[in-house]
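Each of the next two complexes has chain A plus one other chain: chain B in the first, chain C in the second.
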Partner chain A sequence: MRLGLVIDLDVCVGCHACAIACKEWNASGTIGPLSDYQPYGAEPSGVWFNRIRHYEMDEYPNNKTVNFPMSCMHCEDADCVTVCPTGASYKRAEDGIVLIDQDKCMGCNYCSWACPYGARELDRSSGTMKKCTLCVDRIYDQELPVEERQPACVLTCPAHARMFGDFDDPDSAVSRTVRERGGFPLMPELNYNPTNTYLPPRRKPVIPVDTQPKSGLKESIKQFANKLVRR
Partner chain B sequence: MASITFREVEGSSLKYWMLFGGIGLFVLFGFLSYLYMHHHGHVVTGMDNQIVWGLPHVFAVFLIVAASGALNVASIASVFNKPMYKPLAPLSAILALALMLGGLLVLVLDLGRSDRLIVAMTHFNFKSMFTWNVFLYSGFFALVGIYLWTMLDRNVKAYSKAAGTAAFIWRLTLTTGTGSLFGFLVARELYGTSMLAPMFIIMSFAYGLAIYLMVLVAAYAWTGRPLGDAVMMRLKSLLAVFVAAVLYFVVVYHLTNLYFAKMGSVESFILRDGGIITTLFWVGQIVIGCAAPLVILLSSLGRQRSWIMIASALVILGGIAQMYVTIIGAQAYPLDMFPGMTMKSSFYDGVIHQYSPTMAELFLGLGGVAIALLATTFAVKVLRLLPANLDDATVAKLEH
Partner chain C sequence: MHPAFSVIFFTVASGAGFGLFSLLFIADTFKLGGGFTPAQLVIGGLVAMSLIVFGLLSSTFHLANPKNAWRAFSRFRTSWLSREGVFAVVFMPLALVYLASVWFDAPLWLRETFGFLSAVLAWITVFSTGMIYACLKTIRQWNTPLVPANYLALGYASGSLLLLLGAVMAGLDTLPYIAMSALIVSIAAVLKAIYYFWIRSPGLTPTINTATGLTRAKVKLLDTGHTHGTFLTQEFGFQIARQKAGLLKVVVFGLGFALPGLMLVWVFNAQGGQAAAVVAACAGIAGAAVERWLFFAEARHVVNLYHGAQRC
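And then the complex of A and B:
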């Protein structure tokens, strides 16, 4: 099994609901708390497993805003796992989720250097490294109804821009969607083989924005006459 | 070959204890800084999610690299069989151990959870370069310790060359490992090159010898023992060669990067637009760390001991600047997740990360330097590490 997320960049509206839901679930989950620094200060910051980035593609008038949620990619060949000296970072054989054993992490932060996606989150209060767990404490919870055994971010997304599933199963919804929509992993050239996949944004027709030349008196009379006739 | 007498430093004068106390004060400040950072967490430092290795690591890596280089003089004596360097070898070995101790202490105390150091000693991931370094550092202590023992104990003196050769090979491997901590990382643009391993080795030669020279001159001046120019001239020429080699490696490293179009942006950051990083590169690393010492050492100024000391101090300062540029500079430059595109977003993309070290970080780093100096100061008092006389006549006899 290879669990991961599909994120539809065409649909994501950048509302940050997934980030909030992630923080809410995980702050009270097995890995929490996720520290906040100066939450009511001038520059609040803190530990977030899921961060939404906003990019502007091309120049006006051909521009398009792309909202890009980013969290741990749960790579097949995760360099953060390779470099961890104590083995605190590990990849589960049964479902491919990359986790950090909070009791074995000594806060050397070396994994943060190795992750090319910047997905590692240094908790400066606990002194350990943290990251997306794919809500491992949710997706296997037998107490929850089956339809709720999904990561918090997937459940909460109002635009249904996020999907969760098994990429090893060619008939799973995530595998089919990736096939049909031409899903792509981020930075495949590094060969870390990230599990999370993005669906590309569709191109929209360009809205003409050229200013019309100012018409003369003759043209104005003609337009006025046309308007009357049309009535 | 003439024999030479080694004698402990008496260490009972007020000057000695004032020196001991002064250095001890910095050790205390370092320890207090550690307690403060450990109690509150790294949230009280300038480090954050982008800059995860800060100023303490700059000092730690500098000291570890310098430790390997400080063993140089001993290696020349035993491995390359140069009799003139033999009396200088014990100090070289103890300094190497002391610098390694200081560097490792800073490294360990700057961990997010330094109380879990035992985990690093009981759980190993052998794919990690960090793990290899744990073994390289431990092995360094063991091998240099044995080497020192063979130098100090007549009963095992016969094994000195073998121990020295083993320590020499080990220290080259160690510095290769330290350079590879960075060289094996592909995510940061400035790393991911095997060039860093040999560059760190040559950096270690320069930093270690500069520190050795300063300690040697200070020890002889403050104890009133004669130290001839023959030793000084030989060592200062060696320092000049090492500094020139560091400069060569730095130039080749950046020229190679500049040749690759994809590296243009990160090189512009280091060489032109990086603010404090650029200043530290040109003023700290190049001018203070390389150009100025070379001018001093290769000109007539290099014949005067005070100028050799100034050159050594400049090499040390330049070395710290070089480590700062290497460690902080690489983190300050944002990750390139969309190669070939200009990134702007609400989350630090395309933005140079700012880092302002706090006083606690500075004093923790200086505490490591102080530990190294304190250990050396104590060692020369209790062990026979320093020859009683190193004037030109005595040294000349050694070579015949």
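And then the complex of A and C:
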């Protein structure tokens, strides 16, 4: 099994609900808490597994805002695991989830240097590195109804921009969607083979911007008068 | 990258210590300049080992959870950080046996074998220190064989200047030590110059387009999504102005290479000149520290692409 997420950049509205749901679930999860520093102070900061950034693609009038959620990609060739000197970071053989043993981590930051996606953040209060667990404490929980055995971010997304599934199974919903929509990994040139896959924004008709008719003589006089009159 | 003082001190001090120890072995084997007495060799060896030990101790200060530091020896097979720790620890008993065999006048084969083994391990340990940085694909300025080469050359340059100081203080013939220092310092200077030339344009690097996968148009950051800084901006967001970096490179060459070279001439002309040897050693080590600070400050981690950098 190779579990991971598909994130649809065409649909994501950038509401940060996935990040909030992630923090809510994982603050009391297996590697919680996720410490906040000065949450109500002048310089609020803290540990998050999931961060959403916002980009603009192309230039006016063809521009488009792309909201960009990012968490651990659970890479196939995860350098964060190979560089870890203590063996705290590990990749599970059975489902490919990359995790950190909080009892072994010495907080040297080396794994965060090796991660190109910024998925790992040091928790200053515990002195250990923390990262997305793919809600490993949810997805196998037999007490939950089957449809709720998914990561918190996927369940909460109001736009259904996130999907969770097995990428090793060619007929799983995630594999089919990636095939049909031309999903892509981030920074493939570094050869980390990230599992999480992003779906590109769809092509949309360009909204014409020159809709106003050419102004005639009457309009010109009006504009000239507007400049003269002091209101 | 954020330059952490403890890591700078660690790499400079342990590099100088390992360099000094292996050059001390060479000086002992070939009896350079008449050869040190056993007592002088032991003192020199202990100075080198204390530089290494203080460096290693200081490196634990940048750990957020040092109580687990002992576990760092467990991933020898994959992690260069782990290898570096293991090699440094294996070096210690070998070096002590060498110094003991010098002190107690043990048979020559024992002395030479352990001296050679500890000199080789010193070399491997400094190489591993360089590889900690050179193996990271995420930092283009570090991902080059020039990095371990620079670490070795600078460590040995600092060590050779310390050894020259020792030779001057011991009243030996300084000529072979001057020649050794001059050679190693000039190799270090050339390697550093190649490195600085190379990182001016380090070839193909990830861009904001490959980082976001939006490769068909220009991409720019609208919002980072966080109010204040995060761990990522604190650790990787450090930036140095190009002008300041250029100035510091002049300092590296002036303080780290030119001034020690000038002092070598002084020692050569004065046939002694302890003050000049002290200045050479201090300047060499200070130059190496500036070089190390700049090594971190100039490194650009690819995560900066997600925070708006167009290219790393």
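The definition used in the following text is that the second predicted complex is superposed on the first by the 210 of 231 C-alpha atoms of A that agree within 3 Å, B and C clash if a C-alpha of one lies under 4 Å from a C-alpha of the other, contacts with A are read in each partner's own complex, and residues count from 1 in each chain.
The rule is short, and it goes like this: contacts are C-beta pairs under 8 Å (C-beta built on N, C-alpha and C of every residue); 3 or more make two chains touch, one makes a residue touch a chain.
For clarity, every value in this text was computed on a predicted model and none was experimentally measured.
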| item | value |
| --- | --- |
| Three-chain arrangement built on chain A, chain B and chain C clash or fit | clash |
| Partner chain(s) touched by A:Ser35 [first = chain B, second = chain C, both, neither] | first |
| First, second, both or neither for A:Asp79, with chain B first and chain C second | both |
| Touching partner for A:Tyr55 - first (chain B), second (chain C), both, neither | both |
| Contacts of A:Gly87 with chain B and chain C, given as first, second, both or neither | both |
| Touched partner set for A:Gly118, first chain B, second chain C, both or neither | both |
| Superposition-derived comparison: chain B or chain C, residues of chain A touched | C |
| Partner chain in contact with A:Gly127 - chain B first, chain C second, else both or neither | both |
| Which superposed partner A:Ala173 touches (first chain B, second chain C, both, neither) | neither |
| Residues on chain A lying within both footprints (that of chain B and that of chain C) | 45, 51-56, 68, 79, 82-88, 104-110, 112-118, 121-122, 124, 126-128, 186-187, 190 |
| Residues of chain A that touch chain C when the two form their complex | 16, 38, 43-45, 47-48, 51-59, 62, 65-66, 68, 70, 79, 81-88, 103-110, 112-118, 121-122, 124, 126-128, 184-192, 198, 200-201 |
| Partner chain B, residues of chain A touching it in the complex | 35, 37, 45, 51-56, 68, 79, 82-88, 104-110, 112-118, 121-129, 186-187, 190 |
| Chain C to chain A touching residues, read off their complex | 1, 62-69, 71-75, 78-82, 85, 132, 135-139, 204, 206, 210-214, 217-232, 235-236, 301-303, 306-307 |
| Contacting residues of chain B [partner chain A, same complex] | 41-43, 45, 47-50, 52-53, 111-114, 116-117, 119-120, 123-125, 127-131, 134, 181, 184-188, 331, 335, 337-339, 343-347, 349 |
